[in-house]
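In the two complexes that follow, subunit A is the common piece, with subunit B as its partner first and subunit C second.
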Partner chain A sequence: MTTLITKTITKICIPLVSLFSISLLLAGHNNPGGGFIGGVMFASVISLTYVVFGLNYTKSFFNPSWDKLFGAGLLIASLTAFGAILYGNNFFRSSIKFVDIPLYGEIELASATLFDIGVYFVVIGTLLHIFKNVGEDK
Partner chain B sequence: MESFTAIILAIFLPFAAAIFIPLLEKFLKHRIGWFAAGIALLSFALIGIVAPEIIHGHIIQHSIEWMPSIGAEFSIYADGLAMMIGFIASGIGVIIMSYSNGYMSHKEDLPRYYQYMLLFMGSMIGMVFAGNTLQLFIFWELTSITSFMLIGYWRDKPASIYGATKSLLLTAGGGLFMLAGFILLHTITGTYDIATILQNPAIIENIKAHPFFLITLILILIGAAAKSAQGPFYIWLPNAMEAPTPVSAFLHSATMVKAGIYLVARVHPIFSGTEAWFILVSGIGIFTMLLAGFLAFRQTDIKAILAYSTISQLAYMMTMYGYTSYHEPGLGVAAATFHLLNHATFKACLFLVAGIVAHEAATRDIRKLGGLRKDMPITFIIASIAALAMAGVPPLNGFLSKEMFYETSVEMGHIIGGPFTFLIPAAAVLGGVFTFAYSIKLIDGIFLGEKHHGHLPEHVHEPPYTMLVPAAFLAGLVILFGLVPSIPVHNIIEPTTAGIVLEEVHLHVKLWHGFTPALFMTVITFIAGLTIYTRYDSIAAWQDKFNARYPWISVNYYYDRIVDGAKGSAKGFANFTQPGSIKLYIYAILFLMVILFAIPAFMMATQVFPANLNFDIPPYEALILTLMVIASVAAATLHRYLPAVIALSAVGYMVSLVFIYLKAPDLALTQVLVETLATIIFLLVIARVPQTFKEKIPKTTLIRDIGISFTVAATVLVLLLNATKGIAPPFESLSHYFLENSVKLAGGHNVVNVILVDFRGYDTLGEISVLCLAALGVYNLIKSRGEGE
Partner chain C sequence: MNTIHLLDIALIFMVLSIIPCIHRIIKGPTIPDRVIAVDALATVIVVMLGVYSFVQESVFFMDVALVISIIAFVGTVTIAKYLDEGVVF
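Moving on to the complex of A and B:
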């Protein structure tokens, strides 16, 4: 699987797919996409790297602790849910705000997007945590 | 400071301090115990702030909103009863935690020990000041849980684990009965608030006349009896002695076991003045008092003797709280309350002595101990004071409350009349005789007689002051309460009794009050006690012989059989539901799926195959579907892993093509990604296994699996055909709601995403939590594989 062709293609893919996954995440509220899809996409490009370049080589320059990532994701998601209570609303009540940014125009800030970011982290974290550990297993 | 704030602080300060103990331990090291003792002292002082108000007959009540939906408030109800037990819990807490500084070795896990101690103390104080029954239940169970953790403090000792489990099963289990009783009480009265019930005679009358009266009473009493080790539930307390001795002194003699007595006192105004109350409460009390007092004889461990004595002494209180009549519902309340206070002092002191003896002489076996009076004279004096108080010898405090016990027993006997005029006082005296005998045994067995040099160290020393002073302080209280009873009586017993009988109370307790029947009974007690003491060892031997011959005449026998039986059947059930074969799991899932899909499909479909099916399939669709069928057949029939996996993923990609064709981009994207990941995982796995299937599949298995596949496929087909035709009623599709409100309520145009993160965000939160757990589970499975198998 580690031919020159796959290596070259993977190198091109990594930045493109990563950016695409983030755009999927942020676009999710109004267009196709969302935290889950974005997360799976990001996880697949990293696992592609693991497969093509080998786990040990990849780990030598890129080795985040995925367990912390999914922990953080779960924290963000639950804090979003609890955040509504701070504003006197019921648990999980979502809210939307439209903010005008100069030169760019109006953007929509939704608490649901924050929740989706939590989902995104959880999906990436859990999938890659499992992959890495299964891969390391002798 | 406002009274309410002071009480809230007294409850929650120990909880808050417990959180910071591990952090503080870094700086204070083994001196952390003094910090814990300081917190207990603070709680004691905070209760002291509100004490004058309560002593003057004021009841402090305050509530804040807690669970308005079920009508429960977080409320404080501070009367004399709550104040007394609050004082005992925090005051004995100070003494015990100071003593622990000497008792607990510095090598022990001290933060954990003091954390549990403080958590327990906070729970206990929270329980007695609880103003509604649900709150009382929560703190009640918290004391059970902290007790469980303290009994099991030495985690590697099987006996600790056994004792901890037993206490949790019985006390926390009993608490559930109590909760059921409280809920029935709510059904009758419509309130969880204790003050509302206690302060409305009409409500109490209503309870007494209600058909649920008896069952409510029984349920609450089961909770109380389990907690205070009464009746058949006594069995957990002797095993709880596996805890470190300060824990036994604190929880299992002075405070936690008093929780049941507290409950009886708390509900006393509601249920007393009835036959049921007397028969049940005094009945359990007298039975337990005699049984436990008698069984104390065959114990050889001094802590076990103390445990049985505690059970028996708690039964005294139970009996006295049970004494009641129509005209005087609170007949025994003052006596019981006084004994509760006295018992907390002399019994905690005796436990501290037991700890000192075990610490210095390295054994708790009364057969090996003896003659220590010369080696540790101060301890000897302290122990004698406490043991004589327990035996009821004047002028110590135990004498006073025992006299009151005899007095009320005579009165109660008169009220009932008939043979009971004699029987009830006789039972009380017999209980006193047993108490006298084992109290003397404690002094004689440990300190008097000859020293057994073979079993004991050459020189047994007095303990350090950190251990001696707390014990001496308690012994001082024993003498003080005995000589000047007016101090505790006016400041503690009168307000407490007033809190229970709900009217003002004036008591006159004196050391000498003439030649009364009670004095006569005391004399009989001493003579009979000494007589029995001469036969002490032969009684113990007879008990041992009896136990060996009839092992089934014991509650423990049945407890062990039930618990072992439960463990066995749990194992059997686990083996049945988790056989460990993936194939069986899949069969089970598919079987259920077929059943659950087929039933509604057949119930609701007008016909199995709808008549107006549209067979006009466009060419694209036909092409995709044909390829899908080919790929599926290939995946099932190919004999090498790699091509089979590729064929399988081809099916998946075709499905995503279908999604695109049906204009569902979200689903298509997800399908492509998941399929890709699944293929990668497959490839990773098959890189390590042989490339071809080795064994041939037997014909029967093949036929069975094909049969299952077709059944599942047929079910899904029928379901889908009917679903797309809209077998709507009785259910209405939710999709209209989501489509209409997606933008309106959630401001999102992607309905699928809005459903996931907004409308059903709670589900998603649950799902991602499961995902995290799964990742941790996989991690643990992989990492722990090397250790087990």
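Moving on to the complex of A and C:
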């Protein structure tokens, strides 16, 4: 039985850490961050929810199948790697493009971000699948 | 010209304050002593990263400090629940 303080702090932490993990994901490939550490942040806050609120209570309203997320992330990452072959380049070749958006400025679109999104899903799926199945074992 | 700033002296004292934390981790008689020592060590490292970010005039260390503090918080809460009740979930 966890105390009220821990439950309140967890409810505050969930949106902030999720936003921070997405910010780390999008800041990757030339700043500190990237898919792996963003996925670790998201998995840590979901596992904090599992620990604080109890696994059975959390599964009654939030029970996605994390192993399918693992497969989807691996598919995205490998399709990004093979996609460079279609354009006649080497395997894993990345490209970059600068797009001008009105009222905002210039943003940078890199194909390494797609690979990072794949890594993000793989890390979340692996960690939370292990966490949930170890917790269910009696 | 090399000058020693106040923040450098603060960093030296923070490195010195890691030593009792490691002593408590190695010699702590019970498990809660070690858990609290690890939490204090993480706090000292986070503050060191903040001060070092001012020294280097770079914002990149703040991300590292945030990641270390979140992971230390989750680990401490989990170990505290395990030591209190005997189960994690």
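Definition applied: the second predicted complex is superposed on the first by the 137 of 138 C-alpha atoms of A that agree within 3 Å, B and C clash if a C-alpha of one lies under 4 Å from a C-alpha of the other, contacts with A are read in each partner's own complex, and residues count from 1 in each chain.
Going forward, contacts are C-beta pairs under 8 Å (C-beta built on N, C-alpha and C of every residue); 3 or more make two chains touch, one makes a residue touch a chain.
These numbers come from a predicted model, not from an experiment.
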Query = First (subunit B), second (subunit C), both or neither: which does A:72 touch?
reply = neither
Quiz item: Which of the two partners, first being subunit B and second being subunit C, lies in contact with A:116: first, second, both, or neither?
Solution: first
Between subunit B (first) and subunit C (second), which, if any, makes contact with A:135: first, second, both or neither?
both
Message: Per the contact definition in the header, classify A:84: touching subunit B only (first), subunit C only (second), both, or neither.
response: neither
- Thinking of the overlay built on chain A, is A:44 touched by subunit B (first), by subunit C (second), by both, or by neither? both
Inquiry  = Touch test for A:2: subunit B only (first), subunit C only (second), both, or neither?
reply    = second
- Message: For A:108 in the superposed arrangement: first (subunit B), second (subunit C), both or neither?
- Response: first
### Message
Tell me the contact category for A:54 with respect to subunit B and subunit C: first, second, both or neither.
### Response
second
- Message: Which partner chains sit in contact with A:22 here, subunit B, subunit C, both or neither? Use first/second/both/neither.
- Response: neither
Subunit A positions within both the subunit B interface and the subunit C interface are 24, 31-33, 37, 40-41, 44, 47-48, 51, 135
The subunit B residues in contact with subunit A across the complex are 665-666, 669-670, 673-674, 676-677, 680-681, 683-684, 746-750, 752-754, 756-758, 761-762, 764-765, 768-769, 771-772, 774-776, 778-779, 782-783, 785
Subunit A residues touching subunit C in their complex are 1-2, 6, 13, 17, 20, 24, 27, 31-33, 37, 40-41, 44-45, 47-48, 50-52, 54-55, 135
The residues of subunit C that touch subunit A in their complex are 60, 63-64, 66-67, 70-71, 73-74, 77-78, 81, 85, 88-89
Listed in rising order, subunit A residues that touch subunit B in their complex are 24, 28-37, 40-41, 43-44, 47-48, 51, 67, 70-71, 73-74, 77-78, 81, 92, 94, 96, 108, 110, 112-113, 115-116, 118-119, 122-123, 125-127, 129-131, 133-135, 137
